[in-house]
Every structure is written in C-alpha cells, then in structure tokens.
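Before I ask anything, here is the structure I am working with.
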Amino acid sequence: MNFGIFLEQIPDEGIAWWQNLASGLGWTLGTAFFAWILAFTLGSIIGVVRTTDKRWLVRLGDAYVELFRNIPLIVQFFIWYFVVPNVIPAVKAWVIAADPTDFQFLTAIVCLGLFTSARIAEQVRSGIQSLSQGQRNAGYAIGLTQTQTYRYVLLPMAYRIIIPPLTSEVMNLIKNTAVAYSIGLVELFFRTREMAEMTFRYFEVFAAATLIYMLIAFSANRVMAFIERRVAVPGYIGGGK
Amino acid sequence: MKKIMTIAAVIVAAGFVTSAAAQELTGTLKKVKETGSFTVGYRESSIPFSYLDDKQQPIGYAMELCMRVVDAVKADLKMPGLKVNLQPVTSSNRIPLLQNGTIDMECGSTTNSVQRQQQVSFGPTYFVINVTAAVKKNSGINTFADLNGKTVSTTSGTTSVPLIKAYEKTKDVAVKEIYGKDHAESFLLLADDRASAFIMDDILLAGQIANSKDPAAYKILPESLRQEPYSMMLRKDDPQFKALVDKTVGAIMKSGEIDKIYAKWFTSPIPPKGINMNFPMTPPIREAFKNPNDKGVQ
Amino acid sequence: MGGLDFAVIERALPYLMRGLQYTVQLTLVAALGGTVFGTLLAMARLSSFKPLALAAAGYVNLMRSLPLLLVIFWFYFLVPVLVQKLMGWELPPRIGPERSAYITFIMFEAAYFCEIMRAGIQSISRGQVGAAYAVGLTYWQAMQLIILPQAFRNMLPVLLTQSIILFQDVSLVSLLNVTDFVGAAVKIAQRDSRIVEMYLFVAIVYFIMCYTLSFMVKRLQHRIAIVR
C-alpha cells in the first residue's frame, strides 16, 4: 500500500494524480449543482401542477413522473447521449459542432435533472397534499387567487415539510453523477477508474474515492440539516427540536 | 539481451514442462488442478482476435491460440474433462480481473508493454500492430497534424490514451478526446461524426471498418504513433504456467502451423459476415514468429 | 444512419430474453437476501448493545453514502484480493462477475432495506414488546412471532417499491460486462450498429414492467391500508 501515488506526476500531463481526482470532483459537484437547479425547478412546477384542479394538467404531470421514474438511469443516459442526437437532426448538427466535453456535461445535467425532477415532483405533490384542505380554503377565503394561495400559503409550508426527503434526493443526485462516466464525462468516478487503470493501484485509488464520496455525502447532509433547522415550522415533526 | 533470455527460458521450459506432472504444481496450474476449471478472458469486439460470432460465442485468432494452450493444460494435468469458462473482459478491466483471479489468461488484443509487465506477464508475441487513426474518406484528414483542433475518439484503458497525450505534447497539436467503453462504441462515435478520428491499433481499426455498414467510407492513416506487440496475458510470477504457454505457442510458431492459422483469420473470409481482413503478414510479425519472444514495448 | 430497423430486435430476442431473465433473477435474489440481512441489520441498529448498534449504523451509513457503481467495482475487483490476503492463499479465489453481482447487491440493498425495516419495527408500539416479554417470550421469539410479521406487513409496499428501484439499478452491472438485459442490448446494439432501436426497446420494456409493478404495489397499498 502506497498512498504517495497521489502526489506523483501523471506522465505527459504535467499535473499530479490528486489534481486529476480534484478536477473530477469539480465536474461531479458542477454537474450535481446545475442538475439540482433544473430538477428543483421542474420538479416544483410538475409537483404543483399535479395538485391543481385542472384534470389534464394532473394527467400530464403524472405521465411525466411515471416516464422518468420507470426507466433505469443508465438507459436514460444512453437515450440522451446516443439516441436523441440520432433521431433529431438539429441536435445532431449541434453535437457535431459543439465541444464534446460541453455536450457530455449538458447531457449529464439534463439527464440527471429530469430524472431527479420526477422524484422531487412526487415529494412536492405529497408535501402539498399532506396539508389540510383548510389551509387552501383559508387562502381562498381571504381573497387570494389559486396562484397566490400556492405562493404564500401552500408552498412555504410544503417545502419545509419535505426537506428530509429532499435531503436524500440531493444525496442520490450526487451519487448518481457517477453513472455519467458511462457517457465519458470526466467526473470523479471516471477519474478514479482512469487512475486505477493507469497506475494499477486499485486499492489506494478506490479507497480515496470512497473517502471523498463519504465526505460529500456528509457535507450535503450537514448543509441540509442546517437548512432544515433554520426553516423548521413550529409544531411540525422536527420543528419542535 | 532480454530476447535471448526469453528464448533460453523457452528452451529450459520445454524440458521443464515435460516433467511438470512429476513436479509439484504451483500457481495457475495448481489452482486449475484443485478447482477443475480454467477461465479464459475474451474480448467482445476485438476483430479478428477475440470477438463474438452471431451465436454470441467468442472466436478469433487469439482465441484459437488460447484454446491450444487450454488443450495443453488438459494434457499436462491429465484432465481431459477440464471445465473451461469463458469470461468477457474490456480494455479497462482485463488487468485487475486477471490479478484478482476472475480469469486465468486473457486472449485478445493486449499490448505487451514494459509498464504492464510490472503487473502481469505475457506469452509469445502473436501479432505486431501500429497505433494509428481511422477517419472518414470525405473528411479531408490525411495526417495526424490535420487532427489539430478536432475531436478524436479512443477506448479507455488502452495504450492509445497516453500515446495521444504524448503526441500532443511533442508535436504541439491539440485534440479533444472522447472515450468509448469498447472499440465498437469508439468506432460508433466516428461513424456518427461525433469524432473526426478513432485512434487505435491499425488491425482493430481495420476490423471495425470491415464490420461497419459502409466500409468504403473509411480509411486508415499511414502514419504510426508506435509499433506494439500483442500477446496473451498471464498472471505474473507464475513460471510453471508461463513455461507451458511459451512452449505450446512457441511450437505452433516454429512448426509453421501459425501460417495456416494466420491465413484463416487475416487473409480469408471470417464469421459472422464473411468479411476478409486482407492483412498479410508484415515483416515484424514474421520476425516474431521466427523468434518467439515476450519482449514488451517501452 | 438510414431508416429504423426493428427486425434487429426480433433476431436478437432469445439473447435479450436471457439477459432479462438474469436481471429478474438477480433482482429477486438481491431483494430476498437484502430483506433478510436488512432485517438483521435493523435489529442490530435497534439493539441495546451499543457496539453492535454502532457497527450496524456505520455500515448502513457507509453504504448509503457511496454510489452503487463504486460499490460494484469494489466488490468486483478488490474483494477477491482481500479474501486472498486474509486467508493467506497463493491465488485469489475466482468469484466472477455474476456471483460478485449477487453478493454486491445483497450487501448494498441490505443497507436500504435495513432503514425500511427499522422504521417498520419502530412503528410497532413498545407495549407489544412489553406484552411479549410479559407472557415469557424470549427476544427472538418476540421478534419472530410478534414484531417482525407486523413490521413486515406494514412496510410491504415500501419494500416492494425499493425492489422496483433495485430492478432498475441492476442495469448498472452492464458496465461490468455482465449480460443482463441492458448489457445484452448494448452488445447487440454495438455489434449491429442499431443503437437507436435497441435502446428505445430497452427503455420501453423497462417502462412497461416497472409501471405495471408500481401500479400493483399501489393497489396492494390500498388493500393493506384497509386491513390495518
């Protein structure tokens, strides 16, 4: 066992192995960050839509969630990366012109974003539905429109209630970025494998990756716990702490 | 010097193996004797070395040589009923899977390099390739220098990856690399115009092109990044098994039988589609058959 | 690329079905094994013997913080070598990707099933445990006869939902070159250059199967809700 390997230079690249892993970590966090913004926005919209009184909107929202929840992530990656450019000529033209790294990055963000948005939509919906009908009625009673009722009454409550499940979705998202290695995105898991293959130090390299992923999970958990404490609703589970 | 020593080893081994049955078994042979099974690692798209036919069975030039080794193992251990497992591997997992005991020998298109010899051992060189690039004929790319600023695909875990990086550095050329998980995927990136070139071993490129929908659309650049020997990969520090491999494969080469096997895979139509690689023996390959050796590329 | 050619699927169907069979088999074994080990882990986490509870919690948190892919690679590449070192053998044992996948998924899913079963056990009121001890049952008897059957029934929909997720996650073994359903499709897709058709086919089959299964789980949930 020799952990000094991380300080050694990569042949022909002019940087050390640890810097290569760090750059992978950067891609992992960057992908997760943008995918989360996309997932949170889309997931909120679709989650809300599924609780409105418009039948066709609810159906559409349900269909969206079922579509992205019932296909394995890796298959979704293959679809975005290989199938979509092949069936939509405009995408293909853009892919050929674009920098391949940009395309991999964007594919990963869109794929993970939509995949995660379906899960967030489900949480948002159940969060809103867990509130009593009285809250919605109260909003309407004081003369708020449906949009205003969501904006000022239902959503502020619902989001705070679903912070624990959202925490696991953040962690899942970060972990799921590893699947993006299958389309060649140079994120942490790609760099881990690359380093293991080139240096043959599988044990040390995988141990380091394990440690990094644990640290990310731990930090994500702490950040979400902090947010949870700050916004806790008095009288609700976790709010009394 | 190393070559001489290897030949010496083969000669010594020849005498040694015949008496192996009487000797105490070690390493792979001992494991095979105890478990009653032997596992061959193969590739799924290294045409024509080791690839799947239309019944999803691995076949090819390397597989044929390896099966001769398997026969020798059976004879040597007096185990005609030896169970032979076939395990697919990729460029990126073949070495750890050999080391961790998942496979006992890898039969594919593995470059024998000095760096890899620190981890694994190799049988006699059975092919010699040049690392080059496949491009589309209509791309206007004729040299490596033309690739400046372009996207190139290659297969992760291969010796081509560091070669491209070294080339970029020495020739002041900048390319963007994208990686396929296996040769078929890397080639697909070229076929789909996602990459302007696929950088790989010439023979593998020829195999992918021959197997493609429109073989006439591609060409292979005449330049070479490096010449590399191929061989079957064995576990390191396993002299008994290595001696058996060297003796078996060396005998095929010395007797001239290798010419027939070579012709079968490289200058005749091969399954599944009946394509012909049209790849006659080059001088370095002829030399490798004349003097069987396991010398790795630097 | 030319037109789409869905006949390629028909030709490859037996091979694809064998892959699907492996996927289903691996899912079932991992779900059952994961439930058994997960339940044991849950009992350990709830144990009053602190070191045991801590060890179980550590294991569960470790597994849950790692990407499944990383765990799959750990088990596939490194466990045979670790076994060799521990046992002092000359060569590592041959575990192989299929067996390695079974072990990996059971160990990995156990952590997730543990958390479900823990919630299930905690959903049973403490009074029942007390009552069980009062009539002279031992810990194992109380668990086996009183607590676990109820916990299991309460959590059945969640366990099944997790199993559907597992069914999808199994597809990651295709990256180890195992011929599961996705692995089989990838191989055919690359060999015949029919990526679009094969990947769409895989997506549709998965969708139909998972959608049907989750629909059935929802129905079951309603039935159980009434019984309770």
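As written, the chains take the letters A, B and C, and residue 1 is the first residue of each chain.
The rule is short, and it goes like this: a contact is a pair of C-beta atoms (placed from the backbone, for glycine too) under 8 Å apart; a residue touches a chain by one contact, two chains touch by 3 or more.
None of the values given here were measured: they were computed from a predicted structure.
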Practice task
Using the contact definition from the top, classify how the chains connect: line, ring, star, complete or other.
Solution key: complete
Completion exercise
Of all chains, the one whose CA centroid lies most distant from that of chain A is B
Completion exercise
Cα centroid separation, chain A vs chain B, in Å, comes to 41
Problem - Euclidean distance of C-alpha centroids - chain A vs chain C, Å - result: 22
Practice task
Let me have the rounded angstrom distance from the C-alpha centre of chain B over to the C-alpha centre of chain C, please.
Solution key: 37
Completion exercise
Residue ranges of chain C touching at least 2 other chains are 1, 77-78, 81, 175, 195
Practice task
Scan chain B for residues touching two or more other chains and write them down.
Solution key: 96, 181, 188, 192
Fill in the blank from the handout: Check: chain A positions touching at least 2 other chains come out as 82, 86, 182, 193, 202
Problem - Of all residues in chain B, those that touch chain A in their complex - result: 92, 95-96, 118-119, 151, 156-157, 161-162, 165-166, 169, 176, 178-181, 188, 192-195
Practice task
Can you check the complex and tell me which residues of chain C touch chain B?
Solution key: 1-2, 15, 76-78, 80-81, 84, 90-97, 175-177, 179, 187, 190-191, 193, 195
Fill in the blank from the handout: Note: in the complex, chain B contacts chain C through residues 26-28, 30-31, 35, 37, 39, 44-45, 52, 56, 85, 87-90, 93, 96-97, 99-102, 181-182, 184-185, 188, 191-192, 212-213, 235
Fill in the blank from the handout: In the complex, chain C touches chain A at residues 1, 62, 64-70, 73-74, 77-78, 81, 168-169, 171-172, 174-175, 182, 186, 195-196, 199-200, 202-203, 206-207, 210-211, 214
Practice task
Quick one: which bits of chain A touch chain C in the complex? Just the residue numbers, please.
Solution key: 66-67, 69-76, 78-79, 82-83, 86-87, 171, 175-179, 181-182, 189, 192-193, 202-203, 206, 209-210, 213-214, 216-218
